[in-house]
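Note that the chains take the letters A, B, C and D in the order they are written out, and that residue 1 is the start of every chain.
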Amino acid sequence: MGLTEIRNVCEVSLNIPAEKQEKLHNRWHPDIPFAGTIKNGETVKIECVDWTGGQIGNNNSADDMKNVDLTRIHYLSGPFEIETAEPGDVLLVEIMDVQPHDKHPWGFTGIFDKNNGGGFLDEIYPTAAKAIWDFEGIYCSSRHIPHVKFPGLIHPGILGCAPSAEVLATWNKREGELIAANKLDRIVAQPPEPENVHAGSASEDIKAKVGREGARTIPGRPEHGGNCDIKNLSRGSKVYLPVHVKGAKFSVGDLHFSQGDGEISFCGAIEMSGIVTINFKVMKNGIADLGMKSPIYLPGPVEPHYGPGRYLTFEGFSVDEHGKQHYMDVTVAYRQTILRCIEYLRRFGYSDYQVYLLLSCAPVQGHVAGIVDIPNACTTLGLPMDIFDFDISPTGPAKKLDMGSCAFETGVKEGKVTSGGANSEHSFGGGLTFKEKTNVVENLKEKVMGS
Amino acid sequence: MGLTEIRNVCEVSLNIPAEKQEKLHNRWHPDIPFAGTIKNGETVKIECVDWTGGQIGNNNSADDMKNVDLTRIHYLSGPFEIETAEPGDVLLVEIMDVQPHDKHPWGFTGIFDKNNGGGFLDEIYPTAAKAIWDFEGIYCSSRHIPHVKFPGLIHPGILGCAPSAEVLATWNKREGELIAANKLDRIVAQPPEPENVHAGSASEDIKAKVGREGARTIPGRPEHGGNCDIKNLSRGSKVYLPVHVKGAKFSVGDLHFSQGDGEISFCGAIEMSGIVTINFKVMKNGIADLGMKSPIYLPGPVEPHYGPGRYLTFEGFSVDEHGKQHYMDVTVAYRQTILRCIEYLRRFGYSDYQVYLLLSCAPVQGHVAGIVDIPNACTTLGLPMDIFDFDISPTGPAKKLDMGSCAFETGVKEGKVTSGGANSEHSFGGGLTFKEKTNVVENLKEKVMGS
Amino acid sequence: MGLTEIRNVCEVSLNIPAEKQEKLHNRWHPDIPFAGTIKNGETVKIECVDWTGGQIGNNNSADDMKNVDLTRIHYLSGPFEIETAEPGDVLLVEIMDVQPHDKHPWGFTGIFDKNNGGGFLDEIYPTAAKAIWDFEGIYCSSRHIPHVKFPGLIHPGILGCAPSAEVLATWNKREGELIAANKLDRIVAQPPEPENVHAGSASEDIKAKVGREGARTIPGRPEHGGNCDIKNLSRGSKVYLPVHVKGAKFSVGDLHFSQGDGEISFCGAIEMSGIVTINFKVMKNGIADLGMKSPIYLPGPVEPHYGPGRYLTFEGFSVDEHGKQHYMDVTVAYRQTILRCIEYLRRFGYSDYQVYLLLSCAPVQGHVAGIVDIPNACTTLGLPMDIFDFDISPTGPAKKLDMGSCAFETGVKEGKVTSGGANSEHSFGGGLTFKEKTNVVENLKEKVMGS
Amino acid sequence: MGLTEIRNVCEVSLNIPAEKQEKLHNRWHPDIPFAGTIKNGETVKIECVDWTGGQIGNNNSADDMKNVDLTRIHYLSGPFEIETAEPGDVLLVEIMDVQPHDKHPWGFTGIFDKNNGGGFLDEIYPTAAKAIWDFEGIYCSSRHIPHVKFPGLIHPGILGCAPSAEVLATWNKREGELIAANKLDRIVAQPPEPENVHAGSASEDIKAKVGREGARTIPGRPEHGGNCDIKNLSRGSKVYLPVHVKGAKFSVGDLHFSQGDGEISFCGAIEMSGIVTINFKVMKNGIADLGMKSPIYLPGPVEPHYGPGRYLTFEGFSVDEHGKQHYMDVTVAYRQTILRCIEYLRRFGYSDYQVYLLLSCAPVQGHVAGIVDIPNACTTLGLPMDIFDFDISPTGPAKKLDMGSCAFETGVKEGKVTSGGANSEHSFGGGLTFKEKTNVVENLKEKVMGS
């Protein structure tokens, strides 16, 4: 009789708090109980909440963004048992579809406060901000960033199988050493965090253990993938994931309607709740057969495409905004590339914060161009000109349009913020003093070192 | 009557030494005399020698690669006067075509010795190696890396206008400070180098000045572009270049038949001599009108395209091969991504050196995926499966083919080299001892600091 | 507060007969009452039944296909009033999305009996047949045509605004003349047909009038578009439709999960019920401003794409299968092109009927190549090789696989049918004798001529 | 040592008359002597003259176009012996490159006089006209059709292996029957033509035989390909050609810098002389192994691509410009589609003749959309908007630009011609009266029937 309906293995509610839902969890740990079972070869639907678990509202204030509780993220759906999967296998995950919830056709892009989450350009743009995006079929648009519309390259930001106890120990040791050695005036990694831990249907004992040991979901990690935030891992993609525990314990979440390469503002994709449809196949002995240390994938055939000549492309080098020469630093180069694009679009009337938000979520192409011409790494950023409803091509002086404003925290005015930008001083920067920040960093060191 | 022939403003000889040819030069300096004049709006042909000026031969030994004289590179064609161009303008350079010389249908990809040039993976692959590529129309193939064939995404690695004296001073100061502060056991930048300076038709006085002050051509630089090595800046592209001196003093060279994102082995593109056809247009006051600090470009519409689903994509994270966690380091992540690809292709019988060469020159896509998920930057490398004449898709154990060998220096055997690789010790590494290397670095510091 | 839900202006039921639902209709006529009102600028959802109104079942028999009642097709949703639209305007219809019904994830491709509908190759393949397709997200696959899977280039086969009385009269006159002049042994056009007419919520009088005068929905027509069956008019497309009556009276239906260029088996797309999301904008005076006689459109940016080198392309000429030379007949050439592809795929074990079905619905590219080289028109058919899970590239003899069978009418066996094919006699052909068929044609002539 | 130069097996002169050059010929016949020998597996260069053999000049008069001698076309390079090829084999021809002659960077697109060659729209546009195109690298532009520039999808219009005597006899019989049965007021096919026959280095006897029997090169034919005029058979394509005689006797010519689907004005591509680089491989027993009746091909990976959303697409149906309904006639539909595009572009100031020329040679996509919805075939024409340097998108009334004029025959003025167009009477039409034309047609019949 053929297919009549695809099984939904994870219904979530957008009204019940995420921490009350047993098929969600927010740490990586092998002891989190299975949330369901999926056959080898089966295609199922899995619903997901947005990565914050509903902390951000469809409104015009970024207060929620400023005050987001990062101990609660990311709420993932799972972990699911994939029948027959065992350590050493590869789980072939084919993403058949990703859709927003029909009754929830909107998402958000945010800039975190420099002192609560931060982002790639937080030294220049330290203030929390937000844009709400409306979804109409394949397209999205925002009242906070007018004159753009683009189709989503929709994808899950996070997918992966649970670490084994050994893999988890490696992570905690490795990241703990980084925290312990940190001399920067910023948080460089997040150790296990008992506060607000959610371990699905786990008993209190297991939950406490997950709180003590469970890896945070923020970074992607080589051994299993996780929060890779790869924008092209979209509909039709096949991802090959190493299996570390019996049954695979596959989890997925952090759905993005769209994202630019780098997801630069950290909460930079268009974050949403929604439904992912996945086919699962187990490749026995796949890790050895494929010589695999980290996930690989094949993108799907249905990405938006504009033609190469429609990407206005910016170049950046590892010389920072203060004129300092860095040695082969791609991170510095990519930051400069983005600043060049901000400066360019600013001419049309957008505020820097609007562009920072836009480049985080629109399908911009960030390439490593040259990485060997000492001392300058060179990166490029390709901006699809067709997402704008006016002409942004480089033909002369720009005509400023009325671009309104993105959302800010209560009391912050766009004018004040944009008087900042890449070239000027910043007279604001949120709540924590330098002293307080230093204390936060010191606290993390202590946690790690067990002092 | 229409067009009958396109003017060739720079005939070069492949038989006369590059340093004897007056329309070539190998430093950036505003005082190098014009090599010719081009009208605003004109399309011309410009011939170029390969970047080494003919140091590398079409043979099966990498001795020439090992002993390459880097003080001589890059030989550029120019500088050309573009009529009406003045500081503050933008020079719109449209690349109408790039072709190899008809009588010279081959090019080379090289790995430099770790102690003479090095490359992105030189700590793992320290030995010089080489592959020769034959060109048949749009396609290239190599006896040194069998079972691959691909169309060139042909482009000039270097193009730019001369720096003004002020811009040049900025470069020398900025890079000098990096050299002076260097604590790494490697050369981090190249200061001005009088040895083998070539200043075109300059008088001896000017030539000596260029030797003392002229910027090396190795790095791309934000103020003018230069050696950006952007693989997509190919046929049909429009590049917008800031003009710093009267007449623009435009130079071009370092032609590549093909290159992968990053050009990872440093001499990593398929280097060739050839002819570039360019249309020049001056945009008066363009720097201010476009708000430009660094070049921007629009790619052309004729890139090879395989469909997104034909790119096998590898993921890498900022955890290095020793298991050390780095903080948001895209450079480390990209290195890991490449190692994952080397490990994958090694299974089919290629040596690591062959793959290192291949990934340097084939049109691989290197993307910045996630750059905010502390502490791990994530990058991806997309490998077009259709360049292989056998199936490399991830379907199970690989069948090894006879892949021959790339070229090595006299006395080095492939077997010995490949017993190295990403996972093992390296018992070789070329001539300089650690002490000697340290001395080289110290010498550069002294040069810069004038001591 | 932003978008919370998109208005659904046309809920349909898959359980209630189509002819009982007031927002459906199956003829083009200006007097069919509005099914609802949509604002200029609004985005709405419109549900549609499949074009047959549910006559075809998800089973393994083509009896329903053989006996389909064509007087009932196509059931369209509408007509909708678009506020402010008037004759002379252009209605800009942006297709924001097309989706199958969530609870109905399947569709069908059919071959009609030669004597009841027929198709492009009915002289060679006269027997009814069917394939059922299962939808899993963006992909479809069929138990009746194994070893293929492809993403849908999902689209509405029909959309258009109602004709004015004058336009309708033109249609009836023009097509009536063709029917009257017909000397072929087949039906060449369908005149108005009172039987099974459905005029939405019309009164009995209006319904009778629509039955007498209403244009059949089968052909697309230059004045309004209608059943164009353009496969690329998919998600993201903008269609510009002439408006002939006040309020536009826009209708849509005949949703296709996928279709090949030509939709060759007539019921050739993957027919489905589903939901289309559309944004409407009125361009005042658009017909004159755009100099428009027929609709134009801009495709969306998200078509599946495989890279040009992944299309195995067949050539056909206007020499028919009997060796007869036709003069510049693209129709003959396209038929030959398809036969070449059938012969090619037959080698892998598919029956001709399976391939005929497949080429009707898979995203094959049918191009007019040369149309001036007397006496031969040349057309090409590009077949994407990546929809097969085995290698179909032209490398030598083909290995036959077990391909099962598509569905046939009761009593017909695959073996018998495939012993037919393009090169042999056909001992079957369904119910009507030649005499009977002649009678059908004559009856139509009488209807038109009012005799 | 590797490749140093690719062997040129066919040097042609642009100064010596084509009929004096022994490596050219202008009929298909198995007895034309070999022009050279190529190894199985070899890559060679083959020079070609333009299809007319130099009859058309780089000037501003279409007198040469009006008076073109069609008995002389097409001059092909060859036939070449491919070693080891025998009847029943398939010749795999990989087009490594196509380039115009370096010293001849221009080509032409022409409209023939209705009475001497004609074209797809000759009933509406009967007057000879011409546009000269200048080549600058990958791009072309024309003083006769301003404001457009596009990259060439460069290709040979003709390639194929010689027919055997049996295949040739089939052609002559088949086409002779068409000529004999012709009741149209136009030439429907060209029988063998002794006048101006060129049989390469053949003896006088053989040459006379070729004149009597040799097939004209105008039509493509299913058995060998020939003049297919497939625009996508460009650089990187692999064509699979049936072999009918020992040594294959491969010929190639009719090089096109660019062409639109259909090549509608007959001399519609950008015709040029140039050089094609080809690799040849023999597939033994390929015809049977591939089940091949007509050539197939795989396009190359380097076509220009603009993104689907950049093609403004016109729709046409099989209702002709007089309002007459045709039955499923794709040829009529395609003609209407083109007229819709002419009407659209006319609004910007182009004359109809300019657009007719442009649509013949620019890379427009002509698709068979629907071919089963009786009585209307539907075709589409996709026009890449990015080839224009002004915005042609459908946003409202068009602003007319000064578009100059294409070239006409002496005495014809643009104004007079464009007052014609698709909607009005034509007071001109060239030299032959209807009576004379009838005589031409009758003469051909007599030739064929041997009366």
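Assume a contact is a pair of C-beta atoms (placed from the backbone, for glycine too) under 8 Å apart; a residue touches a chain by one contact, two chains touch by 3 or more.
Heads up on the chains, UniProt names are A, B, C, D = Formamidase-like protein.
All of these numbers come straight from a predicted model, not from anything done at the bench.
Distances between chain centres, each the mean of the C-alpha atoms, put A farthest from chain D. More inter-chain C-beta contacts link the pair A-B than the other of A-D and A-B. Shared residue numbers account for over half of those found at the interface formed by chain B and chain C, and the copies are therefore classed as meeting with the same residues.
Averaged C-alpha coordinates put the centre of chain B at 42 Å from the centre of chain D. One simple way to say how far apart two chains are is to compare their mean CA positions; for chain A and chain D this gives 53 Å. Rounded to a whole number, the gap between the C-alpha centres of chain A and chain B is 32 angstrom. Shared contact sites, meaning residues of chain D that touch two or more other chains, fall at 236, 300-301, 303, 305-309, 386.
Residues of chain D that touch chain C in their complex: 119-120, 170, 174-175, 177-178, 182, 184, 187-190, 218-222, 225, 227-232, 236, 240, 261-266, 268, 283, 286, 289-301, 303, 307-309, 311-317, 319, 323-331, 334, 336, 340, 343-344, 346-347, 365-380, 382, 393-394, 396-398. Those residues of chain C that touch chain B in the shared complex are 305-310, 386, 391. Those residues of chain D that touch chain B in the shared complex are 1-6, 43, 58-59, 95-97, 102-106, 132, 134-139, 143, 151, 235-236, 277, 279, 300-306, 386.
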